Every structure is written in structure tokens, then in C-alpha cells.
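In the two assemblies presented below, chain A is common to both, partnered first by chain B and then by chain C.
Up next, the complex of A and B:
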């Protein structure tokens, strides 16, 4: 409260109600945004920046008899960066995340298009509800459900055998892993794209059609460019979620091979090596930051172009 | 319960039997907090998850008018980390696996015990002076329970005679079906046994290298690396049909639920895990701690230990065996704790059992690195 009072110029007495309002109003253009922003900034500092700084600091610490001790040594960095399991996990995790991002977009774009342009209002609302519900349900539970569906004696294999064919090794491996990851990424990606599609001015579509564009041309030249940013956002979100995921690699493939997040847990589990786990964490964060910056850059690039035309 | 995975507690309880929501709610109320360090009516207990189950401790609490507050850990490393980071007096009693006892002793975390305070004379002679619990002729931990680790297999797919040797893991039939419990110690211990190393954790560099190479040849056979949560489901859904380095603590419960699995101690030998209770140095409640150990090793406490619903174990006390056979003969039969029939001591007496120990010639880190590399192959 005192902050607010201090930020306002002293009100000259005797102020009418209207005068008071005006005084507050004239003081606000500069101060109000700052004040509204402060809690957000404080939140960011306490819950993001500070832990991040600590995470980086810890990478230089040492573990002696299961206890963290402050130190300044690059041992953890060299140990992790030159370790073969880390390099393999890094390559594999990147591969998995890129594949998941591509699959997510391939499925999400037509799905979002159908929901936005092909469904009646009622069905669209229903579809969006069905997309939102999984976001609030337990991801772990959904992965367990997939285990029941895909396991050697699971639902799919039982059906295959009833048809007189041999069962398939569905669980374990890239297929199962991608199924698990898409469970996580698809609802979010489709929601982002549906929102983007519904933000498009329908007059543009009508205009294009009136000028003789076929549907495919409308999609390619009107719709897709309009949701370019959202596509990058959906893609980078899918990358972010799949790159850092722990549950799917653990339960759908039995950690075979391990991803970076599994490597983090393994590193802590054996010998309480928090500093080395932090190294992996920092590297993962750096990669994600790069991917976001790249997506941002590509998205912006187009805007300038469009504005320049 | 021998797994270094932070998820194991809740999931094993949930995925496994009927301990259920009520149990979880009770567990939540019996959680340890440093605030209880000086409370004379609280016993602070550092232990594997599930050991403050009312089934185990309610009687002790009533008889002594105290509450047992548990700080749960998963895996010896975590136990050492917790005890290292807590001020003296935070814990009164610690339950530890035998292979970590020398580390607890070396760091001076546990008190020497007076053997006369505890019913060691009731134990099987083999366990009265269990080597991993004694240092310089002094007792530091009292054994509470144990079990064996061998080769667990799907009985629909493998016949007992096919899994008499760890070599079964390299068979054509086992391709892509060998599951691993994701802990280097028992898993690599089994490979070491299959290489004929006795004891399996005391390896020269050459032998260690040979174990590493042999382990790496198993990669095409592997189906995955499982934590406690998914080792149960993988054995149940057929994802893993052969698992080295686990034992009846997993397969017995599954079998009772109708899953076709069993554990065999192969000809090359099996491993033994052992849990014991020790008094933590710096506790102001030594008497209470002693009473707790006495209670747990009494015939009544031992019977409860053996028959706890989510984790059935073998017990070292013959008096406990007798009471179990009198009061719960059916369980005694299932647990192979019958005095006049073939029982769990047979394998021990046949010298097929090696202690699970930490590597003596290499560092834990060396073994871990090999394990990590194997996983990432």
C-alpha cells in the first residue's frame, strides 16, 4: 500500500471524487505497468532465475561422501561432455524430439484445420473440450493405459491373435515411445493451432475463394501463412515437451536406450551426483533455449517480409 | 524393496496389493520431520518405504506409548545422503542393507550394540554372527530379514531345467526378452556369478573387464531396464520373460496373483540381500531404539516382517519361524519357512548363496559407468 501511495503525486486538498480519480489516472501511465509487472518479475526471479543460477553454480561443486561441497571445478563438465553414454543419449534424445515434433505437426495441422473449418459449432466445442480434458488428466495414467493396450498380451495383440496372426512387439522401441510422446504433445499442439485458425479473418478465405482459389490453394497460400507463428509455437512446444520427457521413455521403452532425462535420474541415483546431473540439466536447458530462439527468429522473419511487401 | 528408484514406494504399494488408500493416508501421518528429533514419544526411523506400516509397528507404538515417524529412502545411496545431511539426533534407528553397513560404520554414524540385548541366539546359526554386521568383533546391526536374488523367469515360456544356468539369458528363446532391474549391483553381480566369480563383487581388473564384456554381449537380448514400478508390470505383461538379479520379493507376490513367474537360484549361485537395524549415533533415545530393535527381532515382530502384505521376506529367527508355523501355517508354506520341510535355508546350506556387497576392488562409480554404458549401447 505504501508503495502505491508513494508512487502517486501528493494530492492537493481538497480533492473532489473526480479530482482524485484524475490524479490517480494521470500518475499511472508510467507507474501502473511497472507495478502490475513487479509481482511477475519477482515471481520469475524467485522461481526461475534464482534456481537457474543455483543450477549452474552447482555444476562446479563436488560430492564428497554423499554430501555436496562448494567448489570451483570443471570436472563435472568434462566428465559429462566426454562420457559416451551422455553423447549417445544426447543424439538419441534429439532424434526422438525432432521426430516427435514432425509427427505432432503432421497430425495436428489437419486435425486443427478440420476442427476449425469443417465441424459445426457444436462439434467444434465438443472437440475442444476433448482436447482440454487430457491436459488436466494424469499423464502417467495415460501412459499406463497405453501399456495395457500395447503390451504383448495387451488389447491390440489379443485382437491380432483373434484374427489368426502373430502378435507384434509393440511395446518397447520407437513406435511405443512416439505413441507415448504424442499423447503428451498432440492435445497442446492441436489447441494452439485451433486457436490460431479461429483467429483468421474469414473474409480472407472468402476473398481467395471468390478470386477462384481451390481449397488446397487457400490452405497453402492463405491459411498456412496466417498461422505461421502458431505453427512454430506448436512445433517448439512439442519439441520442448518431448525433449525433456521422462515418463514415456521410462515406461514405454523401459529406458532402452536412455534419454537425457533418464540419464539425469541415473546420475543422481548412483552416488548422489547432483552436480553432474545439473550439468546435463543445464545443457538441456541451453538446447531448449536455442530451439525457442530459432523458432522465434523464423517466425519473426516472415512478419518483416510480409510487412515489407 | 531393494531398488534405488525414487518412485518405488508409492507405486509398489499401489501397483501391488491392497495396502490401499487407507494405508497411504496413514503413511502420510507417520512421516518424519526434523521437529520430532527431541520428542521423547517419537521414534525417528530412517528406512525403506513401507516399514512404518501399521501392520508392523502398531503394537510397538501401543506398548511403548510412542509414535514411529518414518523418513523413507529408496536405495542405500539415498540413505547415506539423508543421514549425511541431517544433524546428529535426527534419527534414532536406521534400517540398512548389509552392503552399506561398512560405510555407515566407517563414517561413524551407528552405535556398537551389545549382542546380549538382542535375541541373536534365536537366529539360525548361520546368521548369529553375520559377517557384514560385525566390525572388529563388535555388533553394529541386528538382522531383521533377508531374501535371495537369482534368475526370475516366466514359467509359461521357460521350464525350470532351461534356466538352471544364467546361460539361459543368451539363448535364442530369450532374444529381446531379458529384462533388467535397473540397478548395477544385483544385475552385474549376476553376470559376475555367471562368469564363475566367487565372491562376485571382489574382482581383479581382468575379471572386471571380462564381466563388462560379457554384460555387453547381452545387449541384443535385452528388453529394457526397469524400475520397481515397471518390473512388476513387465513380468506380468510378458515384456520381460527372464530377469537376473531379482528374487521372490518380486515373483512371490506376482505368483500369488496368478502371474506365471518363479525365481530359481542357478547353478552358478545367487545373491542374498539382508536388512538390519542399527542405533544411530547421537540419538537421545537409545533405550527406545533398543526396544524397537528387540521388538522387530522378537518372534512376533519377525512374523509380521515375513508376512507384510506388499513385501514378503525371509526372517532369520528360528523362534519367528516356529511362531509363524503355529499361527499362519499356510503363509509358512508359501514363504518356504517350514522347519521340517525343504525351506529357504537349503540354498544357503548348499553354499549357493553369495552376499550382495559393494565392489571391493573398483569404485562404485566404475561399476555404475559400465552399467550406464551398457544401457546406452
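Up next, the complex of A and C:
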């Protein structure tokens, strides 16, 4: 509509036509948000809600001679939930994701603090650039790079052997898996925390010192409380990414032991068990939703909630 | 020197490429309410930051209570400050904010809650203790910031333009409150502001700064009526500055010849002045009369109306006097009868005793 108006000669337009435009404009305020929101809503329905509903529906279907058949049976659910491989994979995936979340925060918090408070403006911009670039580069490619670095004949082992020591089995264990996952989670977590640190009013730091807070304790008393919510966000994001990741378990540990994502693929491959794979998928989504809700609950600003009635 | 509680001794601060404070000297008495004034960038806020230890001076010394502050970090100084942005901790409740300095001093939970609540109640915030900062109004936040600064019972309070973010109505109320607190506590207040009204309403003494140096110190009304130089005269109010050469002395008066005419000015500030001098005449001390009628009163210039500016019931009329701008301030009712169309000619008269000879020529 603005295009039409802009292309209209401003003075020569007949009064009636202008009046018409105005009439259409004045009718729109109520309908405008709906119209603008519609594409988003449609997108969400088609590409998110519908597949999700389908995913849940499929869990009740059956597979007969490699073909899906609609049904309503809890068979798939009981089979998966009581299967030992699933239970092991669930425990293992949870363990991996929790460890990855902890490692991410342990590395990201000091890193983000250093970038935000200890670097010069120039170095800070450079550091942020180096954090953003990997987010937009292929994760797969970065994992391949790690394989080259960590493989038995890779760069690290070559250096170790040159020093006259035995090579280490770097690839194929929790260490390699965490290296791969941190490649994924660290840039995002550090960026979230750098943004949060940068948002802190520097006057707060000075005010704390002015009120008797040692410089070394400002981090504890001012900075950490200030980025509480961002810390929960960074943590839950790291959990989310590592819990559902497929590439690192596949390439860094060779799927042994399997994580839930690996299990999904295996389940599909072995006898087209789409319904059972869907059960695992739905359980994973439920866990992620729970983790996110928990983080939201913990990160909620109680100060605002308390008297906000 | 003897009864000075705070002493700035050749205090100097250089930043990279900027000399913010140029070796200033100042004594502040215990219990005094001092206003540091000046245009932005004059060094007043830097001086306050040096007092609080947030910046290290590059020269000179600060003594508080006779003790040199050199090398003492901010957190050990007990020079609490009220910030323009208030700098309240958004992640703490109202009472937790006030408790913060006590917590840093490792005072027990029950004791610090008690002392914080006493201050909140004193400032009328007793019922807000558990609220979040974001739920308070501007005036309430201001009070929390003041309570947080005073809860440790300091002997000096620093205030950095604390009222500039408030609306006019609230500002006046907070001024009253600050004034009351100052009287009740009897501690030293150092108050940075660029607003003359605040300095006049609050301060025992003002320190006027410009370009890193102190221009004048004194009681507000004295600085207003008897400025030390042209900068102070310009900053403090609606003043017209006239320059000329000393033509002779008549008792305690001095006769000045200048491009605008011949004037008689009392020579209180510099009785033996010679050569080039300047005097100021406040805009509200000038009377207007029709240029055609009047004869030769001694202190008089003639000018054309340029325009009028309205501020409430007060009006400022701008005149062009031989190329120099003259400002005259009048109440609305005083000029109702006058025709002030731009271009009209008027005589601008004043009583000789209302002129003030500047100790330093402009």
C-alpha cells in the first residue's frame, strides 16, 4: 500500500481517490496485526505444528512387512520405554548433555568476561567476529577438521610421537565427543554471555566499589547476578544442542555407545520402524521442553514477579 | 586550613589528550553543603570521581579528615555517591539494595536488615522494601539510592547531578528532602550540578568551574551579584557585559569610557583599577524608556529591539546596542504599555550602584 502511495503524484491525485485510501487505512488498525501475523502463523502450522502432530500420531501406528499402517496401539511406547538399549542411550545422552552444559559454562563464562571487560575495543570486535563466523560455517566441516587433528595418525598424535611418546587414542571416547559438542555449543554460549555482559551498566560496577565492594568481588556481587538469566539461557541452549546432536556422536565416537539421535537412525534403518523412532523423538522433545521450562523458571526475575500483581 | 574536612591540594587529572582538572585547590568544611557547578566538561564530575577514588589523580592530593587519600582504593574510602543514573542494582530488591554496603562490611543479617529498614522508613519507603527496583517511580528510586548511600553513616556524601532525571515538580520536592537530610545529619554534602536553581536552593557555598579550573567560590547570592569574571557573569545569569577604559575616579566610583558611552561604576571589587576594564549589569536591573524623550542620564545606552523571549511570566527582550546584544528582563505587567516591535528604539538605563565592576577585564 505504501508503494502505491509513494508512486502516486502527491498533488495531482484526485481528492476522492485519496479519501478512499484514507477510508481503507482507518479500517485496518484492528485487522492489520492479524494480517501481518498470518504468514508466521501459517508457517508455524505447516512446518512445525503439523509435523509434530504427525510425529505423535505415528507413534501409535504399526509396521507390517516394512509398511506403515494406521492403528491405535501403545505397543511402540511400551517396547521402547522398556527396552534396555533405549534406557542406556537415554542415560548416556543425558550424561553427555549435562557434562557438555557444565563444560560449556565453565569455559564460556570466563571467556565472555575476558572479551567484555578485559580486551580493548579492537580485540573485542575481533573476538566477536571469530565467534560469529563459526556459527555460520558448516558444523560438519568443523567436525571433519577435528577428526584430522585427533585421529590416530592426526596432527596431535604426530607431535606426540615426534616427542618420542606413544600415540593416544584421542578419537572415539567421551573426550572426543565433548570436543565435538563444544565446537557446536561454545560460540553460541559465549555470544549470549558477551551480549549479556555488554548490557551491564558500567555504573553498577563503580557503584559497587563505591559502596565498599572489593574489585575482586565485583564479579560475584554484581556481574554474575546481572547475567543470571543469560547464564540459564546459555546453559539450556548448550543442553539443547548437545542432547539432540547427531554429528558429533557419529563422527567422533563412531556411534559407540549410541546416543538417542543415533538410536533413532538405527531404529529406522532396522526394519523401517518409523513409529518406534517417533516414540524416541517425542520423548526427546518432551525432555528438551522440560529442560527449557525449568531453565525459564529458574531464570525468572523474582524481583519483578514478587509485587507485580 | 585548620577546620577543613576535605582538602583538594593542587588536584590534577589528565586523561589521554584531555586535561580535565588543572591543579585546583579547595577546602571544604565539615558539614558544609558544597555545590560544584559549571558547564559540561568543566571538570566538576571528574573532581567528584577523584574524591570517590573512582579515578586516580595525576597530580596533587586529596585529604579527607586529615588523611591523604592517595593510593586508597574506592572500596575503602567511605565516600558514598548518588549517581545521576542512580546505579541501583536491578537484581536486588529495594531493601537488598540498601543492605548492599552493609553486606560488604560483613555486618550480620539481622543487624543490616534492621538498619536498612530504618533508612527506608525514614525516607517513606517502608512498605516498598520487598519490591523490585523496576516497580518504583523515579522519585522512589532516588530515595532508595540516597538510603543506600547513607546507611553506612558516612561523614561525607557525594551527589552527581542526582536530580537531573526527575521532572520539575519532583525535583523541587527532592531538593527539600535533601536539604532536610543535610540539616538532620550534619555531614558534608558535595553536590555536582549544572542547574543554578538546585545550587541556589541547596548549597551553602558554590564552586564554579570552567575548563578544569575554579573560577569562583562563595555564597550563591554573592557569586550571582558579584561575579569574579566575565565567564561567571555569563554563567550565573542574565548579565550584560560592557567594556571600556578607566577615565578617572570619583570617590569610590570609577568612570569608564567605552564604545557604548560613558558610565559610572562603583569600584568595590577593585578600587584602583586602571586601563581596560569590564562591568556587568544584570538584565533585571535595566529599565526601559522611550529613546526620543530622554536626555543625558549617566548610565544609559540606546538600542533597537531585536526580539522577545517568553519564559513564564518573565520576558527577556533582546536589544541591539551598536552591534552588541543587550538583554533586559521584565515581568509581563511591566512592559504591557510598551510597544516592543522589532526595530523600535529604546533607552536602557540603570542605577550606578547596580553595576558591578569585574575584577578581571573581559
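The working rule: the second predicted complex is superposed on the first by the 263 of 309 C-alpha atoms of A that agree within 3 Å, B and C clash if a C-alpha of one lies under 4 Å from a C-alpha of the other, contacts with A are read in each partner's own complex, and residues count from 1 in each chain.
To be clear about the criterion, a residue touches a chain if its C-beta (ideal position, glycine included) is under 8 Å from a C-beta of that chain, and two chains touch if they have at least 3 such contacts.
Since the model is a prediction, treat every value here as computed from it, not as a measurement.
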Which superposed partner A:215 touches (first chain B, second chain C, both, neither): second
Per-residue contact with chain A, leading partner among chain C and chain B: B
Touching partner for A:172 - first (chain B), second (chain C), both, neither: first
Touching partner for A:207 - first (chain B), second (chain C), both, neither: second
Touching partner for A:151 - first (chain B), second (chain C), both, neither: first
Partner chain(s) touched by A:42 [first = chain B, second = chain C, both, neither]: neither
First, second, both or neither for A:159, with chain B first and chain C second: neither
First, second, both or neither for A:225, with chain B first and chain C second: second
Chain A positions touched by chain B in one structure and by chain C in the second: none
Interfacial residue positions of chain C with respect to chain A in the complex: 52, 54, 73-76, 78-81, 83, 85, 87, 89-93, 100-101, 104-105, 130-135, 148-149, 152
Residue numbers on chain B that touch chain A, as the complex places them: 4-6, 75, 77-78, 80-81, 84-85, 107, 176, 179, 182, 184, 222-227, 229-230, 233-234, 237-240, 364-365, 368-369, 371-373, 375-377
Chain C contact footprint on chain A (complex, rising order): 201, 203-204, 206-215, 217, 221-222, 225-226, 228, 301, 303-304, 306-308
Interface residues, chain A side, partner chain B - complex: 65-67, 83-85, 88-89, 144, 147-148, 151-154, 169, 171-172, 250-251, 253-258, 263, 265-266, 269-272
